[in-house]
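Both complexes shown next keep chain A, but they swap its partner, so chain B is in the first and chain C is in the second.
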Partner chain A sequence: MRLEPKPAPSIAVALLYPAGAVVVTLALTALLVLAAGASPLSVFGLVARGAAGSQFAILETLTRATPLIFTGLAVAVAFRARLWNIGAEAQLYAGAVITVVLGTGALPWPSWLLLPAIAISAMIAGALLLLFPAVLKTRLGVDEVVTTLLLNFVVLLFVSMLLEGLLKDPMGLGWPQSRKVIEAAQLPRIITGKRLHYGFALAIASAVIVWVIMKKTALGYEMRAVGHNPEASRFAGIPVNRVLMKTAILSGGLAALAGFSEVAGLKGNLTLDLSPGFGYSGIVVAMLAMLNPLGVVAAAIFVAGIFVGADAMSRTAGVPSYIADVMVALSLLTMVVAILLMRFRVRWR
Partner chain B sequence: MTEALDILLTASFWVAAIRIASPLIFATMGELICERAGVLNLGIEGIMTVGAFAGWFTVYSGGDLWAGVAVAATAGAMFGLLHAILTVPLGLSQHVVGIGITLLATSLTAFTYRLLLPEVTSPPKIEPFQPLPIPGLSQIPVVGEALFSQTPLTYLAFLTVALVAWVLYRTPLGLAVRAAGENPSAVEAQGISVSGIRIGAVMVGSALMAVGGAFLTMSAFNSFFFEMINGRGWICIALVVFGSWRPGKALLGAILFAAFDAYQVRLQQITGALVPYQVFLMLPYLLSILALILVARRATYPRALMIPYQKGER
Partner chain C sequence: MTPQPPTVLRLTGITKRFGPVTANDAISLELRQGEVVALLGENGAGKTTLMNILFGHYVADEGTVEAFGRPLQPGDPRAALDAGIGMVHQHFTLAENLTVLENIALGTQKLFAPRLDRSAARRRILSLASDFGLAVDPNAIVAALTVGERQRVEILKALYRHARILILDEPTAVLTPAEADALFATLKLLVAQGLSVIFISHKLHEVMAVSDRVVVLRGGRLAGEKAISETNRSELATLMVAQDVHLPPIVDVAFGARLLLLDQVSTAGRVSGARLDRASLALKAGDITGLAGVSGNGQAALAALLAGTERMTAGTVELFGEKRGAWGAREALQLGIARIPEDRHAVGTIGDMSVTENVILESYRGRRFCRRGFLDWPAARAFAEGIIRDYEVKCPSPDARIRLLSGGNMQKLILGRALDPEPRVIVANQPTRGLDVGAVAYVHAQLIKARDRGAAILLISEDLEEIVALSDRICVISKGRISEPSRRGAKTIPQLGEMMAGHGLEAAHAS
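After this line comes the complex of A and B, so read on.
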């Protein structure tokens, strides 16, 4: 079997490949639904209705998509430069911790000053957390996949320690949770009385900014060059290590914004279940978007829709809601195959 | 202080260390085989989860303990096959596919568990492997007790290391596996299929990872719960690097690591509430990162690791 490169297809044809990946994912998921003794069509119908069938459903999906846009962008930026950041989960929590530390009354500032200060501090924390493995990679050649993965566990335990110690809410009835952030440190809701908050707007703005950085700036060009071929980039005079540092700062910062936005916009406080794996789902989001920052928004809404829809479905149809996680994982694998088939022709001999 | 040192002299400490090392030994050998053939297998965390569940469920539904081990190994090999198809002939990114396999294996396990046991609230227990003291040898103080009063699966773990070392260094098959990870075109020149070797290595390696997971449910905790692997797979990847891709050194690394883990649990009891327990729980992960840093300068990765091979290239 051989793979032969083929010319890039037109945009219309290029979109057929991700669509094919979705169809294959649905077909494989249908088998699991059948195994659970339910009808795939009605289950998919319930998932779709739960994700987008009402104003409530749509707002809920967009709310769930918000952290996924941030982590998806974080992964897309890093993977583009082939910095394998699997630690968005930890960087998210770093951002959340900073939000709680600065947002529970430590800084008696008005909202217009406090929110940006917290957001920037959170980004710095996330950036530092990824700089450590990035420096280990460039200086010593330590594989960043393993270090970022291991740091996820370290940071989660650190958060658990804070929630039972320094950051513990004295009024929390013994639960490991932080105090609520003060009103000035809360991101307002977009529609009064609904859960969708301005974190979503910040996420969209971030996607546009990242898109501009990647497409229109020298840094974006250098990141793509480093990801494409580090040796050739070094030969062409690109400071590869410095580009990787900048990538780490951008990526870690974006992931930390997910934590900031979840605490300041949605939850109000920090608990150990702030993120049900948003960092890992971000990898899927980035790959579904083919690492395109604007595509990340669409992919995040799609993935969020699956999770929100499956939650609603499992309440009525009795199929375990873990089906959503299976679908998301399957779509990652089918998507990478689809991208391969788009770029290469498979020749059997 | 002497109290902290006395721990090291007790037999029960070393028995625990060897027990904690056992699943890591299986999974580390599995990862080592994959990487020696040129494939980084980041599916390890998910494949261990599948193995833990498959082994446990086989016994829970009335199967024999060894049947459980076999089912776990088979399930692991199947996920290995999927990983291998995507990364070997298709040459997809081993990072992305590996993470994808871990996500898929973990979520499929969770889905299947909920499907098969919708009502349970506390994880049901099984009758696990019992310790099988080797007559005579287990009477030797400390060392004998630690090594020879374990369950059969632990003995199997040590046998696996010997077998992997023998195959890798003493057989033509092992030579082909090592060459597939160092210089694949030389393998092809011998008329041996690089793809075949790599696919086989990933399947066998994944089977071992799954048995490592099964050890946890069948020889340690006696029941299955979500997130029970808890990063052990990632630690094993660090152990492979720490062991310079050599079975013996990796075994030593796994035992050292497990001894440290057993030690911190006992130290926790001595220090009481002085130090938050999370600090102790963090140590294994920090230790793995430290191990990677320490060996980084002299780490010699298999030269073709993560480089897809296409027949006739170069």
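After this line comes the complex of A and C, so read on.
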């Protein structure tokens, strides 16, 4: 088997490949659904209805998409510059910890001042957490895949320690959870009485800002150049290490916003199950979006829809909601294959 | 009339397309026993594609390959090996941490054989080596070998596998003139034993010296086929480019002020290959200084030092009359030092970015393209269009990925990017390597134009003819040391070749 490069396809054709990936994912999932003893068509119908069949379903999907947009953007920005940030999960928790520390009454400020202060502090915390592996990479050549991945476990254990000690809610009946943030530190709901909060609006705005940075600014140009060819970038006088630092700050900050928005917008407090792997799903989202910041929004809503829809489906059809994890994982694999087929022609002999 | 020797290899109607580009268009080629056929053509003429099809790296869209009368399974390098075809690539495929013996025997023994039968292998290698004048020590570690020795190992590897047809892709690009002569002698011995050789080259004098027959490719088509005895260099040159090429005449100019002086400079050795060892060099306004030398003798270190990507450990630098330390890459550009890198794919351009994005690579931070951190893409695009027009770059649009351009057009863009700000010092490292005759002439003309406007140019090249044709003064680099300059014409090519091999360099320093 060999791969031969082929010219870039037109935009219309380029969109066919992700569509094909989705079709193949559904076909493969259908086999598993059959094995579970249910009808694929009715299961897919239930998933779709659960994800987008009602106002409640749509709002729920968008709520679930919010942290995925942030982590997806974080990964997309980092991967563009070939900084392999696998640690969005840790940066998310760093943002969440800061939100709880500053949001539970330490700063008696009004909401308009408190929320931006917390958001910025959370971003700084996430940025610092990614700067550490980035410095190790540029100074000592330590592989950031390893360091960022392992930091996820370090940070999660650190959070666990905090929730058993310093940050433990005295009224929490012994559960490892923090106190609730004060009202001034809560992101308001977009529709009163529903769960969708302004974190979603912040996520959309972030996607647009990141898109502008990548497309229009010198920094975005430098990040792309460094990602495509660090040696040529260095030769042309681009300060490669400094660009990687800036990338780390941006990426870590975006991932931390996911933690801020989940705590301040949805959960109100910090628990160890704040994120069911949003940091890792962010990698799927970014890859599905082919690292395009605006594509991240669509990909995040798609992935969130599968999770939300599968939850609803499993209640009625009796198929385990783990099918959602399988679908998301499969869609990542098929998407990677689709990108490969888009760029190369495969010859079997 | 003597009977024709049997045909050992026959390519019929080979066609290969890459998207809209037809790399090979219905090419037919015959190779007879005991002859050297030169495959001549500009870069991008389709020579390497054709050989990759023959060797099974690519599958042809149309056409067949026949070796020793039997059709060859397309797309299978093992089938080519089994049929007795051996290839020596331009970039060697040796495992540097293994010995010569292990490299040669690699892949010829059974995968799960209990041990390597070294003594039989050594005997065979030594007998092949003495038969064909390919002296190497089978126990030497490849990493310790010179480029010429590594090439001999590659040839031995093919012979060890019973190759009857040998394909050499630009074999002399990395050799000294003396090493090249030794290679040609080996080729004569090979064909005397009944082997057949395909010799890929774009250097006319080599083709004339070594081959029996020459096949010329141009733009993916067969442009002509001649017996060497019935042709000459100018006819072949015309076949290659189809248009007459004129080199601008070189006028002797008075040397201007000394713009750059390196005095007893040594480098840290961050870049691969040899470091500079107390090297001294002066560049003058309105002067092309040619630096001849065999690859890997410190040229890369010197180019990197001037480009701003290598550190200095000893010595002094004087730029525009002021003593100063070494500079970084961005500083070099601001000071007016233009760089043309040796490897335009890996260092000179970013393949997956557009032409526009590549031409602003060295200047995007300036006021012309950047306002408060935002890039002015319309201005950048206009700049790219200007370079495309002024430097005669053939490309579909400024938005095309630069990877899709041919080597010559890529180099024209790099030239445009480097020369547009009218630099005072130009460091051109192998600026014409791998380019076709037309593009080479263009690059030379641009360098001469820059010289005539008063720039000081350092031309680093492994092609002695290029150095001699272009330089006002010639230095030779060997083992990190640079000789005193000699005026153009003061030394003959054989004399320079001696110095490239390291002879007389110390003497030159002492004098």
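A few remarks follow.
Following the convention adopted for this analysis, the second predicted complex is superposed on the first by the 348 of 349 C-alpha atoms of A that agree within 3 Å, B and C clash if a C-alpha of one lies under 4 Å from a C-alpha of the other, contacts with A are read in each partner's own complex, and residues count from 1 in each chain.
Assume contacts are C-beta pairs under 8 Å (C-beta built on N, C-alpha and C of every residue); 3 or more make two chains touch, one makes a residue touch a chain.
Quick caveat: nothing in here was measured; it's all calculated off a predicted structure.
In the superposition on chain A, A:V97 makes contact with neither chain B nor chain C.
By the touch criterion defined above, A:R347 reaches chain C but does not reach chain B.
When the shared chain is aligned, chain B comes close enough to touch A:M161, but chain C does not.
By the touch criterion defined above, A:R224 reaches chain C but does not reach chain B. When the shared chain is aligned, no partner comes close enough to touch A:M123: not chain B, not chain C. Of the two partner chains, chain C is the only one that A:K216 touches; chain B does not reach it. Looking at the superposed arrangement, the partner reaching more residues of chain A, out of chain B and chain C, is B. In the superposition on chain A, A:A236 makes contact with chain C only, not with chain B. 2 are the residues of chain A that lie in the contact sets of both chain B and chain C, per the superposition on chain A.
Remark: chain A residues 1-3, 32, 35-36, 79, 84, 86, 136, 140-143, 145-147, 149-154, 157-158, 160-161, 164-165, 280, 283-284, 287, 320, 322-323, 325-326, 328-330, 332-333, 336-337, 340 touch chain B in the complex. Listed in rising order, the residues of chain A touching chain C in the complex are 2, 4-8, 216-219, 221, 224-225, 228-229, 231-239, 347, 349.
Looking at the complex, you find that chain B touches chain A at residues 42, 86, 89-93, 95-97, 99-101, 103-104, 106-108, 110-111, 114-115, 118, 195, 230-231, 234-235, 237-238, 241, 276, 278-279, 281-282, 285-286, 288-289, 292-293, 296-297, 299, 310-312. Listed in rising order, the residues of chain C touching chain A in the complex are 18-20, 57-59, 74-76, 307-309, 328-333, 339, 341, 346-353, 357, 361-362, 364-365, 370, 373-375, 377, 401, 404.
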